[in-house]
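Labels for the chains are A, B, C and D, by order of writing; each one numbers its residues from 1.
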Amino acid sequence: MTDEASPDNKQPESTPPPAPTPKPAPASPAPAPQAQEEQVEKEPELPKLVVDVCATIGELKPYASESDTPAVEVAPADLVKSLTTLRDNPDFAFSMLMDHTAIDRIDDGQFELVYRLYSISTLSMLLVSTKIPRDNPVIPTVCEVWDIAEWQEREVYDLFGVLYDNHPDLRRVFLEDDWKGFPLRKDYEDDFMLTLDVDKLR
Amino acid sequence: MAVKVSTLDERIKLTDSADSPLDTQEYFINMGPQHPATHGVLRLMLKLDGETVREVIPVLGYIHRGIEKIGEHSTYRQFVHLTDRCDYLSAMMNNWAVSLMVEKALKVELNDRIEYIRTIMAELERIQSHMLWWGVLGMDLGAFTPFLYGFRDRELITDIFEETIGCRLTMNYIQPGGVMDDIHPNFVDRVKKVIEYAKPKIDEYEELLSGNVIIQERLRNVGVLSADKATSLGVTGPVLRASGVPLDLRRVAPYGVYDKVNFEVAVGSVGDCWDRYWVRIEEIRQSMSMIEQLIDNIPAGKTMLMKPAKKTVLPEGSHYAQLETARGILGIYAVSDGVSDKPVRIHMRSPNYNNVWSADEMTRDSRIGDLVANVSSIDIVVPDIDR
Amino acid sequence: MLDFLFGQLVATHATFDVVTLSDRTTQALAEDPWLAAGYALLGLAGVGGFLSLLGMALIYVERKVAAHFQCRLGPMRVGWHGMLQSVADAIKLLLKEDIIPDRADRVLFLIAPVFSIIATTLGLILIPMSPSLQVVDLNIGVIFISAVSSFGVLGILLAGWSSNNKWSLLGAMRAGAQFISYEISVTLSLLVVTLFAGSLQLSEIVQSQQDGWWIWRGHIVGLVAFFVFLIASTAELNRPPFDLPEAESELTGGFHTEYSGLRFSFFFLAEFINMFIASALAATLFLGGWMPFHIGGLHTFNGLMDLIPPGLWFAGKTTFIIFLIMWVRWTFPRLRVDQLMRLEWKFLLPVGFINLFAAATLVITKLYFFPW
Amino acid sequence: MDITLNPADLTHTIAFYTLALTSIVAALIVVTAKRIFRAAVALAVVLICGAGFYILLNYDFIAGVQLLVYVGGIVILIVFAVMLTSSLESIEEPPSLGRKALGLFSSLAFLATAVIAFSETKFPLSSISAEQPKDVAKAVGRKLLDYGAGGYVLPFEVISLLLLASVIGAIVVARNPKRKNEGSAT
């Protein structure tokens, strides 16, 4: 029975239950200390975690787009190295790869690959983003860093067709082996698809 | 480029002889997609050496419905309905995750009534999910009676849901901005009655299964998952906590009214099936105590703060919210362009998809019986794996 | 029938007149071959009818017992309290399509259930159900029963092999290994009673218990042998917690995965009749069979006990053991395959040998619980 | 009709011929079956018929032991070994000409020996013993444990040694480093 976050828990408990404490983000996904999280939401300046991470690891840059999680960008070539450092550095200790997925930025001709790291010791979350060209979607695998990456990457391969270099077992995970195309790409089409565009009808 | 794409046929190539002291040969055998122990249409390819499992290869996709693709063509409110169909045993918690994400992006402040109702509903659902799991675990280990006991008690909770919501399984009760409808006038009384009834039933569960020598033999030191391996494998929920990692979002990043209730996070030490069993039994008790603390204090207030008919457009950028379902952390990740009321990309970080792969790590070099115990102790719901 | 119920009342408890059906056949044979054939046919028809009726009754009882353990009612629709449910199921099974897998070994696939049912029938005819109700009374009854029960496992092995299905094969291998292992323990505990009674003939073993059943005349040794027999024969019956050959959550049905319709019902029937045989054997060997509850020397008490007909004694004891086996089934989870082997070879087998030695000592020293 | 048939003799005769016919057919299947598993099952039938003959001769105990040891033990072990070594589809190759000739020669030699032996021996005429030998088990037990003249304690112990040797042999054959030719695992 561990109760490690109980000091955090005491504080809200002291507030009388009838008066609801205004919670701008009832479930902040980055479970860093709450005060810091509110700053992230309101002020345009960079979260402390992003500043720290970028200072420690030279390859990382603050995320260009909007994100509600502290986010950084990295070039595909530096991906494995910087993620390994993020995992091993005791200040960050991102021991979990909470999620990995891709976004089809078809207008830019790019796939954005998103690695959502989670640290069990500091309880903070970091989004690491990297962009690869759509016509040659190859990226080194991070299977060596986290075991779960093997299967999260297989899912991305299956649905987006992102090829992972050095992946031990790169094959489709949901669809059949002989499936043509990658369904979550924006330009994916097959015979069974309803191509009705609801927006146009309006 | 060293990228090599393989197929299942290439994956299940056999070696000449097995790595064993006897002159034996390995063989592959299909467990599923229709198999009593895989709880749905999960297919496991087992590489066996006699009775010993050398490798477990999950083959997924038998109920892959492309929910993420459908999500790109539906509004957030429509997407809530799809999440019911994923982990149907934590249906309302899945709804809640989407609602959380939308509310956080739109900075909607909820009143306490909504938060109380949501928390109570989620905990009730967690109890019924764990009760079902308990029964199914018993059945997987060859004891049929727990299955009916678990279902008997779970029915009472689904009856409560039915009274308020009108549905028993796929509820889509929690909506962005509140809950679908106010609770039924009988709700409070019935919940109290059911908790009163179910508390001694948990002791009965323990009497029937926990103390049994065979159960102890079947679960203790079976499928051990160390804390490091568990974190690296990205498992969450009771499976992770059983390995000794006290990661429970209800405690470390409270949402709802979890910061107002007292509860303990059940944590195991060894990471074997027995710990996973124990953690879940303890979680039922904790959930009951949470509901008891909350049920009398539901404040008054409105139950829906966003107009359902209004178009919901999230601000540009990526949004993420996560919460603790009965099986682990469910994250909803949405990317919005700031113009359309539909996401550019919506992704579910489903707990089951990330948990199911640990079956291989747990089962290597143990028996078929252990595999069944391990899969059962992971507590998978297949629609959530395939999505 | 009257003879069966009240034959006991007429006889004093010291002299039982055991006339089996086969004895009658032999007697008739000397007089009239047609009468002999009649007796033989009667015996066959009786055993066949008894077999199916008993099977259906046991299936009904099992479902009801299971239901009440699980806080539900069980079959309630067909007949009064679902009494005819088994009949309905039997009709359904008879009418069902009999599927033979395409790549199965047809001949073996077809004869496997027959092996199972023959073994069961051969076992059943030896059980002394009352002084006058025993089809055959072989003088090597105990050996014969353990010999024919091995046909049953031959049927299971054939079924698993000929189905050409890996799950079936796994189930059959488990069944074979389990049967061979646990047969030793069963035989060891049978030998204990054989030593006590000084005979292999089942009717004589029953007679030998007229001063007290072996389960307490043999006090510790008898009890240990009884429990070893119960555990090991439950394992031979492939019933939970030892149902590994058909473990449905592991092997999807094990050796009978591919069977359907009538052939499946043969296995099903054989399983239930085997349960009856094992229970009846346990009752006969350890609880005195049809012998009423007697305490050596107390003639008045024994006379009172004799008022209850022996058929009822036998039925009561057997039912009790059947209930025990069902109780265990609906409470316990299943063992793992290596735990099953460990239980036999590291626990039951040493216990059985030590117990046999103790039994020999007991017989020599005559330290029975009722020494008079 | 003047033919007086002893009904007991009649049933015995019928039973004997039935058993004999069954065992001959089964024995033929044993040697001719292409699938080794079927041969094993036919062997079980032959052995069961053997037990039947013992029962006809009123030696119930021997019949029981025959069933217990041969059908319950040996045949099941053979079946087990077959299951472990070959698959359902595997069909025995027809033997080569040399093996055929050898088989023919040895069986002819055995037939000749048997015919000579049967014609030389004078069998006692009372084929069916009238009385039921009640304590065959006791007699057999005493013989087996008797070390004097007519006792069989030495062969009994030798047989147990043989069994031990075969158990060890089975383990050696099944061990991994020595991948011997198939079929030797029996």
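The definition used in the following text is that a contact is a pair of C-beta atoms (placed from the backbone, for glycine too) under 8 Å apart; a residue touches a chain by one contact, two chains touch by 3 or more.
Given the structure is predicted, the values throughout are model-derived calculations rather than measurements.
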Groups of chains joined by contact, in the absence of chain B: A | C, D
item	value
Centroid comparison with chain B (C-alpha atoms), farthest chain	D
Distance-to-centre winner among chains (Cα means, whole assembly as reference)	B
Mean-CA-position distance for chain D and chain B (Å)	61
Distance between chain centroids, defined by C-alpha means - chain C, chain D (Å)	28
Distance between chain centroids, defined by C-alpha means - chain A, chain B (Å)	21
Separation of chain A from chain C, taking each centre as the mean of its C-alpha atoms, in whole Å	64
Multi-partner residues of chain B (each touching 2 or more other chains)	none
Chain D: positions in contact with at least two other chains	none
Where chain A touches two or more other chains, by residue	none
Footprint of chain B on chain C - complex, ascending	66, 69-72, 166-167, 170, 174, 240-241, 243-244, 247-252, 330-339
Parts of chain A lying in touch with chain B, wherever the complex brings them together	1-5, 8-9, 12-13, 17-18, 20, 22-29, 31, 41, 65-69, 71, 95-99, 101, 103-104, 114, 116, 120, 123, 127, 138, 146-148, 150-152, 155, 157, 159, 163-167, 169-177, 183-184, 198-199
Chain C contact footprint on chain B (complex, rising order)	27, 29, 35-37, 51, 138-145, 148-149, 152, 208-209, 212, 214-215, 217-218, 367-370, 372
In the complex, chain D residues that touch chain C	7-8, 10-11, 35, 37-38, 41, 44, 60-61, 63-65, 67-68, 71-73, 75-76, 79-80, 82-83, 88-89, 132, 134, 137
Complex contacts: residues of chain B adjacent to chain A	1-11, 60-61, 64, 66, 68-69, 73, 100, 103-105, 107, 109-112, 115, 228-229, 231-234, 245-247, 249, 251-256, 259-260, 264-267, 297, 299, 315-323, 329, 331, 333, 335, 340, 344-345, 347, 349, 353-354, 357, 361, 386
